[in-house]
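Chain lettering (A, B, C, D, E and F) follows the sequence in which the chains are written, and residue indices restart at 1 in each chain.
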Amino acid sequence: MGGYGDVQLLREDGLRLDGRKLDEMRPMTIEAGVLPAADGSAMVTHGLNVAVAAVYGPMEAHPRKIQRQDRAVIDVRYNMAPFSTSDRIRPGFNRRSREISKVTAEALESVVLCERYPRSKIRVEIEILAAEAGTRCAGLTAAAVALADAGIPMRDLIVGVASGKVEGIVVLDLDKAEDNYGQADLPVGILPNTGEIAFLQMDGDLSPDEYNLAMEYNFKAAAEIHEIMVDALKRRYEGGEN
Amino acid sequence: MGGYGDVQLLREDGLRLDGRKLDEMRPMTIEAGVLPAADGSAMVTHGLNVAVAAVYGPMEAHPRKIQRQDRAVIDVRYNMAPFSTSDRIRPGFNRRSREISKVTAEALESVVLCERYPRSKIRVEIEILAAEAGTRCAGLTAAAVALADAGIPMRDLIVGVASGKVEGIVVLDLDKAEDNYGQADLPVGILPNTGEIAFLQMDGDLSPDEYNLAMEYNFKAAAEIHEIMVDALKRRYEGGEN
Amino acid sequence: MGGYGDVQLLREDGLRLDGRKLDEMRPMTIEAGVLPAADGSAMVTHGLNVAVAAVYGPMEAHPRKIQRQDRAVIDVRYNMAPFSTSDRIRPGFNRRSREISKVTAEALESVVLCERYPRSKIRVEIEILAAEAGTRCAGLTAAAVALADAGIPMRDLIVGVASGKVEGIVVLDLDKAEDNYGQADLPVGILPNTGEIAFLQMDGDLSPDEYNLAMEYNFKAAAEIHEIMVDALKRRYEGGEN
Amino acid sequence: MVELVPTLLRQELSRLAEDDLRLDGRGQWEGREVTLETDCLYNAEGSAKVVMGDTIVYAGVKFELRTPWPDRPAQGSLMCGAELRPVAHRKYEPGPPSPQSIELGRVVDRGIRESGCIDMESLCIVPGEKVWGVMIDIHVLSDGGNIFDACGLAAIAALRTAVVPAERFDVGEDYTLKVKGTPIMASFTRVGGRYVYDPSEEEELGGDERIHITLGDEGHLHSLQKGLRGVFTPAEFAEIFGVAHLRCVELRKLVANQEGN
Amino acid sequence: MVELVPTLLRQELSRLAEDDLRLDGRGQWEGREVTLETDCLYNAEGSAKVVMGDTIVYAGVKFELRTPWPDRPAQGSLMCGAELRPVAHRKYEPGPPSPQSIELGRVVDRGIRESGCIDMESLCIVPGEKVWGVMIDIHVLSDGGNIFDACGLAAIAALRTAVVPAERFDVGEDYTLKVKGTPIMASFTRVGGRYVYDPSEEEELGGDERIHITLGDEGHLHSLQKGLRGVFTPAEFAEIFGVAHLRCVELRKLVANQEGN
Amino acid sequence: MVELVPTLLRQELSRLAEDDLRLDGRGQWEGREVTLETDCLYNAEGSAKVVMGDTIVYAGVKFELRTPWPDRPAQGSLMCGAELRPVAHRKYEPGPPSPQSIELGRVVDRGIRESGCIDMESLCIVPGEKVWGVMIDIHVLSDGGNIFDACGLAAIAALRTAVVPAERFDVGEDYTLKVKGTPIMASFTRVGGRYVYDPSEEEELGGDERIHITLGDEGHLHSLQKGLRGVFTPAEFAEIFGVAHLRCVELRKLVANQEGN
């Protein structure tokens, strides 16, 4: 977290700079089945973020050394397009994207019924086309919808959602300015039906109480996002506009 | 193409700076069988260019994933030696050499009877020791002679040759100055017996008519070069000075 | 070798700056079995150098292409920790460490009874935690003790030791200043029982006579170091403090 | 990647070719429907999305301040790269840029660069000190065939709508990048023995060599590239060259219409 | 690396868990003995060695002079990296940094950085021109389980004993780096269905997901990370969060004692 | 690369060694015919081609302007690298530099550098600002055995004929690089139990360890390297050291003659 500078992030009326309430999230749309070449896919727009996920597989896991005898492995690549950020990003993986790919894969492996596909691999490609804080959550949500779109059996979806702290106040879903000048960020991946957590990161400074409030916001928002996810999958499968 | 600057590339008598006519190519020599360790090899000097090609194989194709069930693959590496250019080139492949390697391999696969060697690989190594414009063509020509020297069956040779445009005039075989300040370059790989084209690149600016004239020059020169190639192979196999 | 500058490396009383005699080496300690996770290990402190070696194996050699049908291969990685030198070293291999790894592996393959383990691999990891001239010798010595600690059968140990030249005088075991400003360095790997040489490098300027004297110093010191090595292995296996 | 030659597909394509038919019912020189959207990505200074059948491609333009090359002190620079990332198709694997992806980027780059549509001197801010570097990145999201043309189209459309972010870099006011001309690429693949325009994914899988032609506003050639195994005759080239002119004019209009919106 | 799931080990660990036992006899929230040594390496400006059961980790601090980032002209920088080199265990292979090693380094880095224990402005020498870059490198020599906590401990201990080598760089006299606070990490792994603190190598091999919590002097969270396959409930988190507080206080005392020596 | 030990070849070489014979009829300390050609490549500021039996090697020298290292403001730099590219032999594979190729380059580099034949201060143009960097690149085109000696010879011959391209870099008039002395390498491989000079490809394939000795004009040692598995005795070294002196004198004359042409 940046946590420095004189930027004011909360208005005198208690709302945030863009008019949101403390526990209000940015607008979100989800569309499933957006990529013809993929076995499953989804696009999530969240605020100004654009995240696309494609799923391929299950397929033979190679190289051999990544195979698991008793289950499928999920191979995630989270990647930010060079033009997705204010300063261009050089193509190719960096340490941040490798870490996010790892923990995202582990979160997805927690809900996919991997045991059904021993020795195989499921490829999940997450591409961030435009980034405005919160891309790892948007990517995780897109990946979950894309897996469902691909017909991969899962014991629950995962909802990616984050809360944080600005000017000492806990708020839901940091936007870009709040992320740059905020004091903490708590992105999680929530299983909407069981209420379990499959993804957890946090950095910054949070007291135990602040942590509890941020988590409360996250769970509340997860229920909202879950509806949007289910809606996207319904539109895809029950005929509909797509 | 550079295409800028005030350099004058054509003399008042209509000849080029080095005295060549518009459709005249630089001197060329070819020698086959120059590298004892290789299965086949050739050296081409063309103007001040020096290109050497070595052929190894057919051999087992590995890694496995490059194997083709019904034919041999040709694995070309076009490489410029660090001392081959005015400014030293850092060793290792760059994007230009990777692209040239790819299209050269595809051109060679168009004439080699690859079907005769399923699941195998033929390695073609092209080393540019001195570069003076036109190295991809010199390398292609050297590779074709080296393949023949290695006894690899081919349905035709390939002749690498280029024309271009300087000061609005189409000319054959650009030299270094003409390449630096010229307006277009059209390198092709011609099958001398069938008149077909297996290699084609072009950049710069050519009207349809200019394209036709440049291609006419290329075909004329290809016949000349073909004779030099055949001559080199004859000297190699009918006893001779080598 | 540096071999320039006005630094005075020998005192007026004929001793070296740190008070050592010409043929006296820096203090050395060796401990075997220092790393619980390894099959064999050793730590060598030599002057201010700290070198640790771990041995894993014999194990299946993969990738396949490194396998030898008739013997084990020894896979050595000599690595300097980023904080081991005055200026931080970027993590990852460099040309120097690759060369040292290669010749160290070849020296160890000269004494290990590799024939007993066809198609297998023995991994030797040498980590330099602190460097003060002479790390390749300290690493070689540590590797030999670690191999013995792992119970790998060997026909002899190897002792890493170096002599050099400063201000025209041959001296044993250059320290950091002597290495920086000296005129030659002759690191060798000596088999203490047979008196054969398995490791040899040298750079700088040595007359034939100087070479002979430097080698004499090396052999004398090798006998001393050998005792310390044997002592470390005894302490490890005959009960003892460790 | 084991590439079993799809023999049955090749046979089917040959059979169709005899009757001058294509798998998806198109004529030999008929392209698929193309939709073009620009200004579609936050953070990119110019952006475009092209949908061409099952092919989906995004391009984004970014600017940076650079020191000019010593031998060209008054010129900015242009760079165009394409990434064939694994998102786009089952057949693409992760790893360093493949030869295919390098070729794709370089062919698109040459078409734009050699058309001269960007005046490099117009990118100079302070000669010898500060120039603009323009970077076009192309991202293929779904490879449904003929990604070369889709990438070329997305690149020039993104470029033509790019706004130079001078304010952000503290060198004046933002302004629209000046782009002279609209170079367009037309690609042909040999399928069932004869060339077709705008090959689909199946036609590429069961086809042979391909030819990429980039033409400028005046119909001049700016870039040519032959890819894959196979040969062609000068007569064959003459025919597709003619088709390329027609198709490029149509697509150039599409770009112009989009800008008019 | 073929990872055959060690089924028998999992069964044994589950059986033990039913009786609230652990393989090495420890209680659920009991850590192994920890020894900490500092100032142990020539050439490192700060160094520490941590032994935690069979786990051995070194950390070393180096300084360099840098130009500051343009947008933070009065701030130095901190970098913390971990290398999981093949020396540490049979399971680590040579090659570029693995995802595991990147995650390890970044989690340790965040815990230290986000605690604010290094005031970046105190690393400034000449604003806009010269600042200190502080680099903590962590070297795992033996992986006997729970390397995250060992690395975190070694890193902060090395940092707290570091001396800024101003003389060597000709910018004044050497002085002890100012470090405010001692962020400490506590890690938990699910073993036999329930979480345990400070997992051993076998518990990691036969266990499931892990949770890493870094706490500052005031008991505030500075870093969280969940790793590996598995899920947890908010109630489970609340319990280990409480344990983490106790364990972090103990380890913080160990660091303080070492400094008192 | 599966390396089946060529058992039959080893047996044959041992049998020959008993009668003090070599496969190609040479004596134990006899080298193959060597031809040396210099100034043979356009664009290289110094170049040499060495043919030594079936071994063919080119070396080229390039210059660049550099800022000197801060701790050696009045010194230029010398760099010598060798590339063992796949062109040279069936056994060489593409990819990043192999350990063999790194060793080759570094051993040749040390022999030249440590002989002091290039006065680094003579490469200084403006102290602290501008010095020459001299780069020798060695390209092995055909590996017919003993590439170390061929590379060493090509490198020093290219260097001794190099012309400093001062005009091209606008720092004065071109002049011949000053090179004091001609360090020469002599290599020996154990074949059939005893050492031979200048091993052929077969002798290397069926032989054991090798020793490389670089001697300066005065007969001083400047570089030693033992490569591959095997050991030697001090007595064995003494004998080949004597041979090395004789062979180096001969090859040094060859370089001098070439220059006299």
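Basically, a contact is a pair of C-beta atoms (placed from the backbone, for glycine too) under 8 Å apart; a residue touches a chain by one contact, two chains touch by 3 or more.
A quick note: this is a predicted structure, and the numbers were derived from the prediction, not measured.
K.L.:
Starting from the defined contact criterion, work out which chains touch chain D and chain F both, please.
P.N.:
B
K.L.:
Please find the path from chain A to chain F through touching chains that uses the fewest steps, and give that number.
P.N.:
Shortest path length, in steps: 3.
K.L.:
Measuring centre to centre with C-alpha atoms, which chain is farthest from chain C?
P.N.:
D
K.L.:
Need the most distant chain from chain B, centre defined as the mean of C-alpha atoms.
P.N.:
E
K.L.:
How many Å are there between the centre of chain E and the centre of chain F, using C-alpha atoms for each centre?
P.N.:
48
K.L.:
Distance-wise, how many Å sit between the C-alpha centres of chain B and chain C, to the nearest whole number?
P.N.:
That gives a centre separation of 51 Å.
K.L.:
Distance between chain B and chain E based on Cα centroids, please, to the nearest Å.
P.N.:
That gives a centre separation of 57 Å.
K.L.:
From the mean C-alpha coordinate of chain C to that of chain F, what's the distance rounded to whole Å?
P.N.:
26
K.L.:
For chain A, what residues touch not just one other chain but two or more?
P.N.:
none
K.L.:
Please list all residues of chain E that touch 2 or more other chains.
P.N.:
Where chain E meets two or more other chains at a single residue, that happens at 97.
K.L.:
Answer with line, ring, star, complete or other to describe the graph linking chains that touch.
P.N.:
Its topology is that of a ring.
K.L.:
Round the ring, from chain C on through chain F, what is the full list of chains in order?
P.N.:
Listed around the ring from chain C, going to chain F first: C, F, B, D, A, E.
K.L.:
Along chain B, where are the residues that touch chain D in the complex?
P.N.:
1, 3, 64-65, 67-70, 95-96, 98-99, 101-103, 106-107, 109-111, 184, 186, 191, 194-208, 211, 215
K.L.:
What residues on chain B touch chain F, complex-wise?
P.N.:
Within the complex, chain B touches chain F at residues 34-39, 48-50, 52, 54, 56, 59, 77, 79, 81-88, 91-92, 123, 125, 127, 129-132.
K.L.:
Inside the complex, what are the residues of chain D that reach chain B?
P.N.:
Where chain D meets chain B, its residues are 1-5, 97, 99-100, 102-103, 105-106, 110, 113-116, 209, 211, 216, 218-234, 237, 241.
K.L.:
In their complex, what parts of chain D are in touch with chain A?
P.N.:
It comes out as residues 41-44, 47, 54, 56, 58, 60-62, 64, 81, 83, 85-90, 94, 96-97, 135, 137, 139, 141-144, 168, 201.
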